[in-house]
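Report on one structure; see the data block that follows.
All chains are identified by letter, namely A, B, C and D, in their written order; residue positions are counted from 1 within each chain.
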């Protein structure tokens, strides 16, 4: 195990930190105001400040760090980890600013790995350039989505086309009109083997029969910073057969390939949220006085801060190990570690955010601090690609199997 | 200890349950829609359905249950407990429907106990009639509000008037234009004894110099069902000296008198939320199928449901004991018990809501179920009239003192 | 619900407290020494001080409080609750001193309810008199004992006798040579209905073929204060048919009848342990100084003490409710509440003991304080008549069923 | 950060594992019996099987792995980590078998770093050879030992001697008559600066005035596998001045130097305990059947196993990071990480052991499995060199300081 940061990484970290200090942190207030304006005017596009900073970051070559190929920064997972963590410190803006935001990153990886040249030209290139956005349509409202075989949306071949019918929800980013392309998971063959029934297909936003019904809320947030989470309906949506990705029956395999990096990126960024929360908690504890002394002198507050530090250190190391393993042994070999961080991250960071909120008093729950919104986002990770309980069950089964 | 429900209570419980079944539960969908309209149109008044049901409830005499005097239902705390719990099951509507919603209830008690005849006539009567609403302005943005001596808003005598200057926030209900009267806590004498510095004074909404600045959000929610939580500024606000409640220096004592019932009512209603959450969790677990069986058959889900039941039973009994003690020995003698339920309630009900959300999948966090919004509300109780940590500290001090 | 203590109870409480103050607490040091002598000399009888105090208590009529019949104190469960709690404060001695210790209490109840006149004369009378002790042989080493149908010990009719073969372990009290009589659960008819296969039979200590193999340890304790926990082997043990209790196939029903009171008595006494722990923790926190102040001034210690108080209050009320329900509606109607206290008690009191130990420093784990030994005892309750998980599962099933 | 195991380490790991498989695991049953004989005969020496295996291990050169100098295996902390972990899997025997048991290891380090040539010759050499054992006498019964300035034992210069008076307890290993030498911490100058008041001095077992009073128990265990934990009294104990280590006033500095490696070795071994517990829990879950299926199929049991795995992975990485930091940046630079593992280890491993016990049923608490004894040992780590709360407080202070 080798988790150290090489010079390339340290160099990038320094550049990203400099950009954060110069551009991103100072703009957080503006972003908050522009998100409120988005809400007031029922808009779902990136707030203008994000577009501005994207242009600046791109101009400076601080762009597409997530992308391990020659199209992007060419970083390994281990190299990307500290950079993704830094972007997590300003989670509502920084990932988008560097074109490293989900779900675009995962979608670009899918196109990069499985797309035809034509698919790459039409959708990967503008995504890499940051000219359009994308969404990944997998979860369905009527079924437990942790079980992939439950998927009901149908994709039926008809001549040179496929015809799509069904419903999706929690399609992140899809409310944004700049989200021009959807990767849609559905069933092409209900009679095939369990993991060969599904396929993925590309659907453009303006295709007839595709309706964006509404944005799902998370707690009371719309998540208008990144295009929200849409409920969608597909009624006889017809796309050319060339929009299929990889081949019929490849949907499950593509989903698996996409999940590993997607999960670990969430965890990396969550570490940045946790670090920022500890910083905010410490600063607030120093400046807030109750009963004659700063609350930083309260034993209970110190206990929270110490536990937070101990928890973060452990979580970061586990994340780095998973990254290193993915780099050196492949995503499949890192399966248990990826599951482990998927389980450990939300419970740890939720705990820290809860304490940071408590140190901030009622203000900690309000729009004056980002803590409650971060908590809401972290809470969703306990569902993201399947509830934690499903993953714990699988991880335990693997553990027990060693002794069979 | 005698916690049984007498016939009067059982009779009222039956009537309230009948009303809930006939009118309130069926209207929850309408309410949700009307709250969304309030948000979309930046309105803060009671949604129309609440006004309708208030009229119906009042017509049936299901009104002012909270009020132990002859003006109301004349119930003891113990008698009120099961009724308040039932209203908690539809927390966004039922308390208001029966004119039993905070902060009006506490304000009516203050006026009832400490108001002059004139004050009662002008403000208590329309409040009891449900014609206006009220707010209680205590918390301030710049100081730790758990320490009452920190209060900075000034109330200065000037001839026949008092002149008020300062800021308040988290003033629940104040965004509602029907909130016509504020009970404002401030300092009349910074040099008096620690608990004689504060006074309470009545300020009408349209008094010059009073500004309602904005609504505070809680996890993204505006709480537009009940008039939100305002930030307010008082600039040379002038009111007649007859608006003072009880007398100069009585502010702290009035606040104490108000807190006991206020806290226990929150706890009673929270039990209703918890019960509803267990019901929702059970129903969902029965109907949702994953990996070939309903998740009600999953051991982990059952563990959550069992723990929820065990926790609720204990919490309800503690709440009933506090109520009984307040009735028989007085609020002061019940101090420890009131503190205990203030500490126990949010941590217990938060835990249950978190599990209920998990059983509902991502939908549990969205606008399709009320669970996340209940969680947000419950989270605020850990700050309501002082963070739990302050109360635990005081409770421990009292416990340790026994052995000094 | 009516949990108040009537005059009879208060009168007894005062007498028992007076006896505790005068005789029991002052003798705790002697007891500790005599238990150490028991260990050193491999003796399992009651330490002499217990025999002395038993005589005194009996002489004063402070005897058999547990027994609801005219043979004992004639107390309801609710009346017995505070008395049992007080005895829990000196758990290694007080229950035995008043002839209220498990498993004798449960065994006397079985004989009282189901015994023939002859059985009563031979075994119930000397037990009530405190002249002998008894044990209840149910758990078996090879099978999961939470599932009663797993029981393997065989009881076979042979002429006027029954012949018994099998193994038992964790048979509390059985190492004590004064334990003269065993109630043994076994199978008489493996082909009968699930709950009609088992029978209970009386076996005297000196019956040929009955071997007491060894004492089971709990953590490192032998529990020599009360006769330990034996592993036993039955090899062709022959007893007269008149030793059968109630009838063939009645074993399961008798066990159920015995369990309700047995469980709640454990919970009542555990409350006494918890209260004593809070007292010890508070006293120690007052007297121990670190870094310039008593640790009672440490926020974390206060947090523990406050949480302990809040938890105890809730647990006691739940226990009282279960007692009251057993008295007024019967043990069967109180099933859920009995399960709830069985689940809630050990987890609550373990938590409190853990904190009390921490406040005592390393000494808290040693023979200088009883806290670690109490912890060990409390830990066993999570297994007593079935692991908590089995009970939680059943309780949840009942809860969910309401919504089917 | 580089945590990988180099070839030297992997080679040693293979040899140690082979020895464990061939000699140690098969002897665990014998050890248990011999410890019982120790108890029965009030003996405190190493059980014969340990002496046998020590001879074998030494003959094979599997010896003194802990020692980073040329006297021992010359391993870094990182290299030692996996080996110490393996010995933790049979914690009552393996560390002693390889002459890697506390407190000898720490004492040898003290002598190695600070001893004079004469001191090394007389005591370090036989310790390295395994011919004698040693103890470290620091904790005192009357004071909070987490605050080093509280130490009361006096060391007074008198001519060519020092005279020692005072009490100590929890002196691990001291009950063993083969424990020939004590390193004793005491005060030489109460008026010096806070951290210059203490000195360390060597005292031989048979020095007049030194009394071994009794063995302290831990949850009923005597810990006779390693010489227990003694209470000691020093009455005018006179030793030559040349027995002083390093110099007057150096006691605190020596203690600090000793603590770093001491703590991390505990954590490394605890990982071995945790891994063994997960293995036992998994095996038991596979073989125990309740209600018709192995309890490995119970969701709650799986949840425990999954959480155990996730926790262990994080804890091990944190321990490796601390080891690596000690190796590369020094013990002082690794201060926070050493504190972090000191805090994280016992709470994590206690949790896992508790669940492993629960899976084993009541047997899990008994002498038939080592789980309860491991739990007892792990519980003591929450006090070892200061309660966790003291360390959390210090760690938080350092964290908060970053933002001052």
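Going forward, a residue touches a chain if its C-beta (ideal position, glycine included) is under 8 Å from a C-beta of that chain, and two chains touch if they have at least 3 such contacts.
By chain, with names taken from UniProt: A, B, C, D = Acyl-CoA dehydrogenase.
Only a predicted model underlies this, so the values are computations on that prediction, with no experimental measurement involved.
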{"item": "Pair exhibiting more inter-chain C-beta contacts, B-D or A-D", "value": "A-D"}
{"item": "Centroid comparison with chain D (Acyl-CoA dehydrogenase) (C-alpha atoms), farthest chain", "value": "B"}
{"item": "Distance between the centres, which are taken as Cα means, of chain D (Acyl-CoA dehydrogenase) and chain A (Acyl-CoA dehydrogenase), whole angstrom", "value": "44"}
{"item": "Length of the line joining the C-alpha centres of chain B (Acyl-CoA dehydrogenase) and chain D (Acyl-CoA dehydrogenase), rounded to whole Å", "value": "54"}
{"item": "Per-residue overlap in chain C (Acyl-CoA dehydrogenase), given as positions that touch at least 2 other chains", "value": "298-303, 389"}
{"item": "Touch list for chain B (Acyl-CoA dehydrogenase) against partner chain C (Acyl-CoA dehydrogenase), complex", "value": "1-4, 278-279, 282-283, 285-286, 296, 299, 301-307, 309-310, 313-315, 317-318, 320-321, 336-337, 340, 343-344, 389, 391-393, 395-397, 399-400, 402-404"}
{"item": "Residues on chain D (Acyl-CoA dehydrogenase) engaged by chain B (Acyl-CoA dehydrogenase) in the complex (per definition of touch)", "value": "298-303"}
{"item": "Of all residues in chain C (Acyl-CoA dehydrogenase), those that touch chain D (Acyl-CoA dehydrogenase) in their complex", "value": "40, 42, 139, 141, 144-147, 150, 170, 216-222, 288-291, 295, 298, 300, 357-358, 361-363, 365-368, 372-373, 375-376, 379-380, 382-383, 387, 389-390"}
